[in-house]
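Okay, got some structures for you below.
One chain, chain A, links the two complexes that follow: it is found with chain B in the first and with chain C in the second.
Up next, the complex of A and B:
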């Protein structure tokens, strides 16, 4: 009897947790499909419409260009950070480099520098170079956040690969670079993929840099949200539609790497 | 010969990025912090003013307020996140369809943009049509018509809530990792001896999780010190300056008032606080590893 009660209690708690986690997300999705007059009531009895999505993608909101900016900034950041980080992670993992501990500590500790400290000099520099409000500026600054994090994550994955086959290949006369390309990369691919997705999510959701460094042309999705705050008040149904556009790609990616997620999270624990 | 230098060649691209994007700005703002520089007046730094920016901070009320706000925010959000994550991990330890479902659901808050979290909580707590404001008012009549985000204490509470909602899942996964690595024998033996669940949790499991809990607490402290996005999208630092955290205050000084010298000094104060905690944290991680390999 007590057993069943505690069993039921556990289920009930789990349901409660799921509700607390899902509710804000579900509510945003519902609001995105409401007409504006329904958005301002809590009633669930409404006729769904796609109008909000049409509106946000047309003038003056032009969410399309923000989607494009977000995709370009996140993709290019990943494309630069992940290969560089993979090479560095391999080096940290396999060689006894001089001052290795110090270098690794240096990389790790840069993770703790507050973003607002980094953005200030960059703002001044980009202003001087006339690079404010460009995607390139956002990519450069995002690399600061993402690179150390990816090095740490990928190192964790490479550390877990046994070195036997690498050594065997080297005895057969293969060069290190060949070993990396033909032996390490294929085995480490799932880990590198997971790290890339993590890195994409971080850049995609990044807000502070984009808020400060972009104005009109390079605005990304999270900053775009703020523009739905108008003098006529907050346009919640449009904000929700934009919110759906921000979350859907990321949720799909997060669920895609679901199995590795816990590990990636703990590996990135130093972020 | 070539092979001896290879390890360094491999490190170079990543190090160039890290040096250029973090060490350089850090040094730059360090030097700027000793200068007067009003960006609306001058394109270049003006005079060298020594420690004046730091001295000014020590007596400025708005800065001291932001330190206090940050302190309150960090303490409450770290405490709640760590306790809830631990409880949730204990709940999720067993296997079952509902457990698996909850674990998958838990991935979502962490993947969600913090700026968007701020926006959606602002919507839900709108006193006129927010679903949570209305719902709470309907269930507890005393809460009917409460101006959630217009009240300093409640606004801070909701700010903490968004942060706890965002981070508890991540921390839960860390706890689950920790729980999986502690041996089950003592626990099973205690269960056979008829020890209660509470005794097992507090007497056996938690003492073994001390290391993991400490790591989580420090880590969460660092994240909480950095928190910025929700302040902008949820409260805008208000009402008044009641939710103006240090990161948000620095943003205002730098990018609303364009006082670059003072903003740099404030940024360095925040960096110094983070550095102390970080060094402590990395040390802890290294000694954990030593323990694990021993």
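Up next, the complex of A and C:
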């Protein structure tokens, strides 16, 4: 009896948490397909429309360019951050250099600084360099934000790989770089994949720097959402449609690489 | 084939001296075993030969060439690791082919040689499996196959049998012995198991605290241990080591009276192997109460105690007696007594 009660209590709690977490997402998805007059209605009885998605891609909203900006900024950031972070993580994991722990702490400590503190120096710097409102500026800023985090993550995965295989490869005739390519990367692939997803999500959702450093040409999707707060009020149906545009790629990505994701998260436990 | 010479090599980790300055020559085609307890520097010595550890001082010469600054890949060696060091994402075939691939051997040739080598270690039916799908013994054989596939000048083996069960260890030991006989490649083998060392080696280097304390054939090391440490380390069960004194040409300890041809001396240790003692009817060199009887199958280990003295002998399998009854042990004909200095461990006779 006590066991059943505890089971029921557990399930009830899980359902409650799920509802709290999922409600805003479900609400956003439903609103994206509603007409503006139904946006505030909680009723499920409405006539679905795709008009919101057409509207957000046309003038004056032009979500298309924001999608492109977000895709380019996130992809290029991942493409640069992950290989660099992998090599850095490997070095931190395998080489006994002086002040290694301090250097690693230094890299991690960049994550302790609140973004709002450094956004102004970044703004001034890019203004000086005439790089405001460019994708390159956003890529540089995002690299600075995510690379330390990815180094830390990938180092954990590399630490979990026994060094015997690497030493065996070196004796078999491989150079250090060949060892990384042939042994470390394939074995750490699930972890690197997981880190790449995190890196992509962080960059894709980055809001503060994009808000301050972009104005028209380099605006990304999260910043674009703000433009739906107009003098006529908040255009929830359009904001939701744009929200769907932001979340769907992440959902699809997560679905495709869920297997790697789980393997990556548990890599340390498998020998 | 190759001769390996370690000339005045030394290894320090910061201020810690792991391997003090010493030299060692491993002859061409020799099977040399580095034997010692954990932390004695045997693996470090091997890793220095492999190039996986830098040396602090001295020179390493392989085939007469100084290789101190050469990376492992250029030393023409193959190594078998304690944990096998297999490539977990590759199949058995890919694991065996990998050293050949790195040396630019054509795919067809690689395939052929991998299959031939796999057959040699009875892995031919498992070529498409991954290491995770193999047993410990099979993994060990993959590691061996990968080492022998390209016939290197030197084999380095770091406790390759220590992760196997006792039965498999004996089988693999015979395979290793046969393989060395067949290939004749210079082999350096690290182990803490004196039985492995005795059965496999042409010569054994017994190490203690980073230093080689005795380098000789297994037979010689067994018969004439250089010091107290080697005497206690080699042999199973280990040599009886009895604290006592020599006076009037007799070694004396509680329950022990053994004639010894040497001047009076205190603080000495008498050594005699259990297999050189036999049960005697009475009035023998070793007298005490029977403490334990352990049947090992082909023999019985008989332990007697007299005060602090404990002496073990290997008796007949069918020997039976009551515990705590009087027991007498005598040296067999031709038995050899060893005498060591207690303080320095140095061999006296």
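Basically, the second predicted complex is superposed on the first by the 252 of 271 C-alpha atoms of A that agree within 3 Å, B and C clash if a C-alpha of one lies under 4 Å from a C-alpha of the other, contacts with A are read in each partner's own complex, and residues count from 1 in each chain.
The definition used in the following text is that a residue touches a chain if its C-beta (ideal position, glycine included) is under 8 Å from a C-beta of that chain, and two chains touch if they have at least 3 such contacts.
The model shown is predicted, which means the values in this text are computed figures rather than measured ones.
Participant: Which term applies to chain B and chain C once both are placed on chain A by superposition, clash or fit?
Facilitator: Partners fit side by side after overlay.
Participant: Quick check on the superposed pair: does A:162 touch chain B, chain C, both, or neither? Answer first, second, both or neither.
Facilitator: second
Participant: Comparing chain B against chain C, which has contacts with more of the residues in chain A?
Facilitator: B
Participant: Could you look at A:248 and tell me whether it touches chain B, chain C, both or neither (first, second, both, neither)?
Facilitator: A:248: touches no partner chain.
Participant: Going by the contact rule set out at the top, does A:174 touch chain B (first), chain C (second), both, or neither?
Facilitator: It touches chain C, and chain B stays clear.
Participant: Would you check which partner chain A:186 touches, where first means chain B only, second means chain C only, and both and neither mean what they say?
Facilitator: second
Participant: Just checking: does A:79 make contact with chain B only, chain C only, both, or neither of them? Give me first, second, both or neither.
Facilitator: After superposing on A, A:79 lies clear of both chain B and chain C.
Participant: Have a look at where A:68 lands relative to chain B and chain C in the superposition and call it first, second, both or neither.
Facilitator: Neither partner.
Participant: How far apart, in whole Å, are the nearest Cα atoms of chain B and chain C in the superposition?
Facilitator: It comes out at 7 Å between the closest C-alpha atoms.
Participant: Can you list the residues of chain A that touch chain B in one structure and chain C in the other?
Facilitator: none
Participant: Touching chain B in the complex: which residues of chain A?
Facilitator: 10-11, 13-15, 17-18, 20-22, 24-25, 27-28, 31, 39-42, 80-81, 83-85, 87-88, 90-92, 94-95, 97, 103, 105-124, 128, 140-141, 143-144, 147-148, 151, 176-177, 201, 204-205, 207-208, 211-212, 221-223, 225-226, 234, 236, 239-240, 243, 246-247, 250-251, 253-255, 258, 261-262, 265-266, 269-270
Participant: Can you list the residues on chain A that touch chain C in the complex?
Facilitator: Within the complex, chain A touches chain C at residues 162, 164-165, 167-175, 178, 182-183, 186-187.
Participant: Any idea which chain C residues touch chain A in the complex?
Facilitator: Within the complex, chain C touches chain A at residues 50-52, 71-73, 75, 77-79, 81-89, 98-99, 102-103, 143, 146, 156.
Participant: Which of the residues in chain B come into contact with chain A in the complex?
Facilitator: 3, 6-8, 10-11, 13-15, 17-18, 21-26, 28-29, 32, 39, 43, 88, 91-92, 94, 98-99, 101-102, 104-117, 119-124, 128-131, 134-135, 165, 169-170, 173-174, 176-177, 215, 219, 222, 225-226, 228-229, 232-233, 247, 250-251, 254-255, 260, 263-264, 267-268, 270-271, 274-275, 277-279, 281-282, 285
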